[in-house]
Amino acid sequence: MGSTSQKHHHILPTKTALTIGALLLVLTAITVWIAHIDLGPFNFVIATAVATLKASLVALYFMNLKYESSENRMIFITSFLFLAIFIVLTATDLFFRQEVSVHGTFIAEGSSQSKLKKPWVSTPELVAHGKEIYAIQCVACHGLEGKGNGPAAAALNPAPRNFEAVDGWKNGRKPTMVFKTLKEGLPPSSMASYATLPADDRWALTHYVLSLHPQVEVDSPADFARVGIDPNQESVQEKEDPKISIELAMSQLAHAESGMERGAHLYHSRFEQVQEGPFIGKYLYQKHCLECHGDHGKGGIKVSVLGVYPVAFVATHPLNQQSPSMNSQEVFNQAVIRGIPGNLMPGYGNLSSSELKGLYQYLKAENE
Amino acid sequence: MSNNSAVVQGEDHYLNHSRGLMSWLGTLDHKRIGLMYLFSVLLFFLMGGVFALLIRLELFKWGGHNLVDANTYNKFFTYHGAIMVFLVVIPAIPAALGNFILPIMLGAKDVAFPRLNLASYYIFMTGALFAVLALFLRGADTGWTFYTPYSIRTNTTVLLVLFGAFIAGFSSILTGLNFIVTIHKLRAPGLTWMRLPLFCWALYATSIIQVLATPVLAITLVLLCMERILQIGIFDPKLGGDPILFQHFFWFYSHPAVYIMILPAMGIISEIIPVFSRKPIFGYKAIAYSSFGIALIAFIVWGHHMFVSGQSELANFVFSLLTMFVAVPTGVKVFSWVGTMYRGSIHFNAPMLYAFGFLELFTMGGLTGVFLATLAIDVHLTNTYFVVAHFHYVMVGGTLMGLLAGLHYWFPKMFGRMYSETAAKIGFWLIVIGFNVTFFPQFILGAQGMPRRYWSYLPEFTFLNRISTLGSGLIGVGFIYTAYYFYRGMRSGAKADANPWNAQTLEWKTSSPPPHENFHETPVVTQWPYEYLPEDTSMPANLR
Amino acid sequence: MIQQAFAGSVPLQGTEVAVRWDSLYNFLVGLSIFFFVLVVGSILYFIVSYKHDSKKKTQYITGSHLLEAVWIAVPTLLLMVIFVWGYSVYHAMTQAPSDAYEIRVIGKQWLWTFQYDNGRTTVGEVFVPVNRPVKLVMTSEDVLHGFFIPTFRIKQDVVPGMYSSIWFTATVPGKHQAYCTEYCGTSHSAMLAKVVVLEDHQWKAWNQNKEIGPIPEAGQPLPSKTQVAGTLGKKPLIQNISLVEQGRQVYQSKGCVACHSTDGTNKVGPTHKGLFGTQVELANGKFVLADENYIRNHIEYPQANTVKGYNPVMPTFKGLLTESEMNALIAYMKSLK
Amino acid sequence: MLQEETVIHHHAHHFTSANHEFEAAKQGMWIFLVTEVLMFGGLFVAYGLFRGLYPEMFHEAHQHLAVHMGALNTVVLITSSLTMALSVSSAQKGHKVSSVRYLVLTLILACCFLGVKYFEYSHKFHDGLLPGGFFTNTEIKSPKASLFFSLYFMMTGLHGIHVLIGMGVISWILRRTLRGEFGPSYYTPIELVGLYWHFVDLVWIYLFPLLYLVG
């Protein structure tokens, strides 16, 4: 026993070992070098190919697989075969899931019809109203003065529109076109659809952003025709696009804890609240707002939740006297009920008007 | 008894080779380790069985609140599932019976790595300890499948159970590794691949699955632990992860695990049927290769557990198609076993009875499996009692019947004594009838739409649930009775011959019980193990 | 009872796809019986014919390639037929027509919420028109759930963070039972719902928030007054039964039973047995009298009224109960002595 | 070089010869490596799928990893693999002194690897580039970037644990070599540890381009 029977075993010659080692280092240098050249998808292919080459060298020479019995070679290769099965069959699921889309006039119903007469004509009242809405919905990206330099603008590509410049408006600067942009958004850019805003508010916004530059453009009959408006009529029967994104619909749903009736009843809860204002306000604030806006509405908290899926961070607004949404009870109601699309503020459409009043009063009192 | 002539009764064998508790706890002898596995597994089987009976008692009446509250019930079925799967059916045949028999069948003195073998036993027990420890804390209520995100959110001690299963998984890996090397390197002279007993083929296929699939379970459980500890979010939708991906990870192991459970049982049946039919096995190569076919297909069908999970329609199509092919090698085996009996000389000893039981129950389990592989049919039946009934027919009807068949078959070899044949027959009928009464109604319940994991159910399901509960009592009685007559047999059964069944595999060529080193002389194999000649129809055990 | 248990091993056919499903199912049952009889029958035959007899010899057979080829080829062919058939039915189950009426479904521990295009929201009951394709777009707020309607033969898991959908065209008016089939924790088995299939005129009325009258269980006639008193609370709202009985039905159908009991045991939430008129200690340390106002207030603002010793997990039912349902519910809870 | 004295190794009773035992042990090691491949494989599968789903996120997130550190570690680990291979062949030839020398070198390189890793990790901690729920970095704009760092920490963490274990067994082998237990007739443990160490290197060879060089 204890014979020298291991002598048949292949011994790696020092020279081969050094050659392979050198080769591996050269290949490492090559991968790093190639990674700095942009070859599109081929970067990945080359990186993996080089890695496989390196791995094969290690396995064949350092691990002696080249001189190993075919049994052991098969055993080792089998593992990669089964790994391939694992990833390919799982990929048949993950990369081929059906998209679910939803039809219908959900949420937008009842809020889309304009009650104004000839809303495409700018009036000082409309511009003033538009400014209010702008302060809530648009400043995050377009900035307070409409220069396209809001706090969230830095992250956006393409950058948000600067309303003080005349050139480069994707749909042009005619009122109907701006209105169209507000309704449909500008995919694939970050400009979201604001179809969830009432049509009147969108008209108001239109006139406000156009008022930021003195040059006035007027709609031609062809423009009206394109958006389906008859300029000779007094009011607008807007044709509603019946489709909204399932993400939006579902995230609205997920936030509507009680599922209060929506649409026509958006502003008026059927159930009037009996409790006194500040008490319910404090309770509601603690329940819904505290987590993101912090104690006494001081804001500035990093929030990372929108719906359930994406992870992104936004610092919340303070809810004090300077906050545009605290200007008046009405403005406040709008912001709370609808939420602010594009921001992380979800809508709380299930709050009753007395609850909103309580909440508003509570915040006012806190900041005095 | 020419084989036995060399062995004088009372001679040195593995049971009396050395004495004292330490000679067992520190043993490197595969036979003793096999027995330690066996008794541990039986202990866990008792625990799992008690939970099963508690579940059935709770379901005796509709509407809940019969025995325990919903939370306790949820823990019961979690424990029943986790204990039975991880601590009973997976190790039962390979680690217990396989450890004992495989090296002897190969004509080897031990498994390739005896120290590793002992280590894997202790790893198994450590894993079990963690899982059982959780019982005394807040338990676990996730079901044995640990689906996310519930398993991330629940405030029960899931972490301990996960950790236990993770550790027990390593034991399974090491056993598989040990067996593969043993089969490759330690076969007796003359024991070529085509002379290998079918039980060895089955264990070989099983070991391959253990080695290839269990590491994925390990990483899955690690990731799930990390979800709970570090909130890594890979499986957590709140953090951007995908809960369905967890199901892929889980079933990539757990579907092949089903074949870890069933393949060795099939191996045992392949051994028993030719011996008790006194005839060569029908289609040796087909049975051997079909074990490999099943092992391979095991890895490409896991998605059939997820037809309604929200996975893509393409994946459903592919997995349903592939799943259909499981039935082919399985069918080959069943038909070959039936073919083996044709023109044989059939003896009705307990092992053969259990083999019949296996064929009946497994055929039902297999056929209902086709229902669940069919896309549209699965949509209605999945997550109902139909699935519960199906996998109990396969796991209990398959693995447990196989285990009992093997225990009866090798009982004389393990302990050198016989059990009472009459008692064994009574036990068999109690268990088989009890089993069918328990689980057949569940097929109907499932088809009618009763979902699984329900603590309370609607009144229209009462009648069938009652029958099922009564049947479970019958099974319980059957198992207690079986334990009793096994105990009697071990203590005071008649002395067994070296080869009471007149079988031809190598374990019967040594004394009962075998000596410490299995064989006094290394055996030399000259023929395949199923050489039953037309006149060789008698069986010593039945001549007394 | 026995009759009930075996009266058809599958539930009634509530959709067209259920009819197709049943024929495939019956084919499989037939095929299984055939193969089961083939296997077990031949075993029994061999046992009887070839029982051990020391005088008889066996025959030395080691296999037959022909037989093996047959029992590989025949099952393979049959399995392919089953696969194609199964897939075609499945395809019909998953591809919703584009004009399907859409309902948003949200699963949450342990309630089903349904939202409709007309702005209405229901809990525990989903109202759908008969003979018109309906598509359910579903998501979950917390963990996995599964939406299962046995009479329609459809089921789909509801996954947090993503949207899944199923569709059906119900052909049988009445109430159909729906279950949660993906384990979701404590009250998984109480996470039930009713699919209320409405006839055209009822659907029209329901859409206009009008009373639609009593709806029977699917496939059953409307129960008479006497039957109602003796049955198990799965019956619809009927105007001419007592307020307490109505309340009991609301209590069942709106999912109160998922977390509360009426028999004195505390579940996720405290029991309601003997609650009325007692002093309740809230989590904030205050004591309140459990009167009508408290019950209403608690149902609408559960978070502010969490009872001491329990987690603040109850969802609000504000806007989900009509005034008459609320009154009935309070009346019922008063009756739980 | 001096020829060390021949070491007599007695093989276990159930093997027919020392070579028989050696072949069995080596096959056992290969099978163990198979299980390792599949264990790491789970993470690679998760990586592949998430990368396929969120390519932009991976591209943006990977820019926060230090390529020079990763490249340095690649060089370190490849060199350690080379020294390990040289140590094994020295042992096989019976050159005890050089075998020891190479083993010590391997250990030092492994320490370097972990040292570099330590600096990388602490930098990530500082920047809030942490897995999942602990992710607090605000520079990365792509949603779900926390997933990339979950995978990064899981993959490099599991690999790091393997390096630690490798250092443990190398020390054990070093001790046995110093005692003169290995020679041309018996070198099973050192060869097996060599295989393990090369495998650890092999994993890193893939981790480096996948994590640090996302195209």
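For clarity, chains are labelled A, B, C and D in written order, and residue numbers in each chain start from 1.
Here is the rule we use: a residue touches a chain if its C-beta (ideal position, glycine included) is under 8 Å from a C-beta of that chain, and two chains touch if they have at least 3 such contacts.
Note that the structure is a prediction, hence the values are computed from the model and not measured.
Participant: Compute the centre of every chain as the mean of its C-alpha atoms, then state which one is farthest from the centre of chain A.
Facilitator: B
Participant: Out of A-B and A-D, which chain pair has the most contact pairs?
Facilitator: A-D
Participant: Hey, how far is the Cα centre of chain A from the one of chain B, in Å?
Facilitator: Distance between chain centres, rounded to whole Å: 51 Å.
Participant: Centre to centre, by mean C-alpha position, how many angstrom separate chain A and chain D?
Facilitator: The computed centroid separation for chain A versus chain D comes out at 40 Å.
Participant: If you average the Cα atoms of chain B and of chain D to get two centres, how far apart are those centres in Å?
Facilitator: Going by mean C-alpha positions, chain B sits 36 Å from chain D.
Participant: Give the residues of chain C touching no fewer than two other chains, as numbers and ranges.
Facilitator: Within chain C, residues 160-162, 164 contact more than one other chain.
Participant: Please list all residues of chain B that touch 2 or more other chains.
Facilitator: 184, 212, 216, 237-240, 242, 244-245, 310, 313 - these are the residues of chain B that touch more than one other chain.
Participant: Could you check chain A for residues that touch two or more other chains and list them?
Facilitator: Expected reply: 71, 78-79, 82, 86, 90, 94-95, 97, 308-311.
Participant: Can you list the residues on chain B that touch chain C in the complex?
Facilitator: 64-65, 69-71, 74, 141-143, 147, 149-150, 153-154, 237-238, 242-244, 277-286, 308-310, 313, 316-317, 320-321, 324-325, 327-328, 331-332, 334-336, 338-339, 341-348, 356, 359-360, 363-364, 367-368, 370-371, 373-377, 379-380, 382-384, 443-444, 447-449, 451-460, 462-464, 530, 532-535, 537-539, 542
Participant: Within the complex, which stretch of chain A touches chain B?
Facilitator: So the residues of chain A in touch with chain B come to 71, 78-79, 82, 85-86, 89-90, 92-98, 308-311.
Participant: Which of the residues in chain D come into contact with chain B in the complex?
Facilitator: Checking each residue of chain D against chain B gives 12-15, 20, 23-25, 27-28, 31-32, 34-43, 45-46, 49-50, 131-134, 143-144, 146-147, 150-151, 153-154, 158.
Participant: What residues on chain A touch chain D, complex-wise?
Facilitator: Touch list, chain A to chain D: 1-9, 11-14, 17-18, 20-21, 24-25, 28, 31-32, 35, 38-44, 47-48, 50-51, 54-55, 58-59, 61-63, 68-69, 71-72, 75-76, 78-80, 82-83, 86-87, 90-91, 94-95, 155, 302, 309-313.
Participant: Can you list the chain B residues touching chain D in their complex?
Facilitator: 103, 108-110, 112-114, 116, 173, 177-178, 180-181, 184-186, 211-216, 218-220, 222-223, 226-227, 230-234, 236, 239-241, 245, 249, 517
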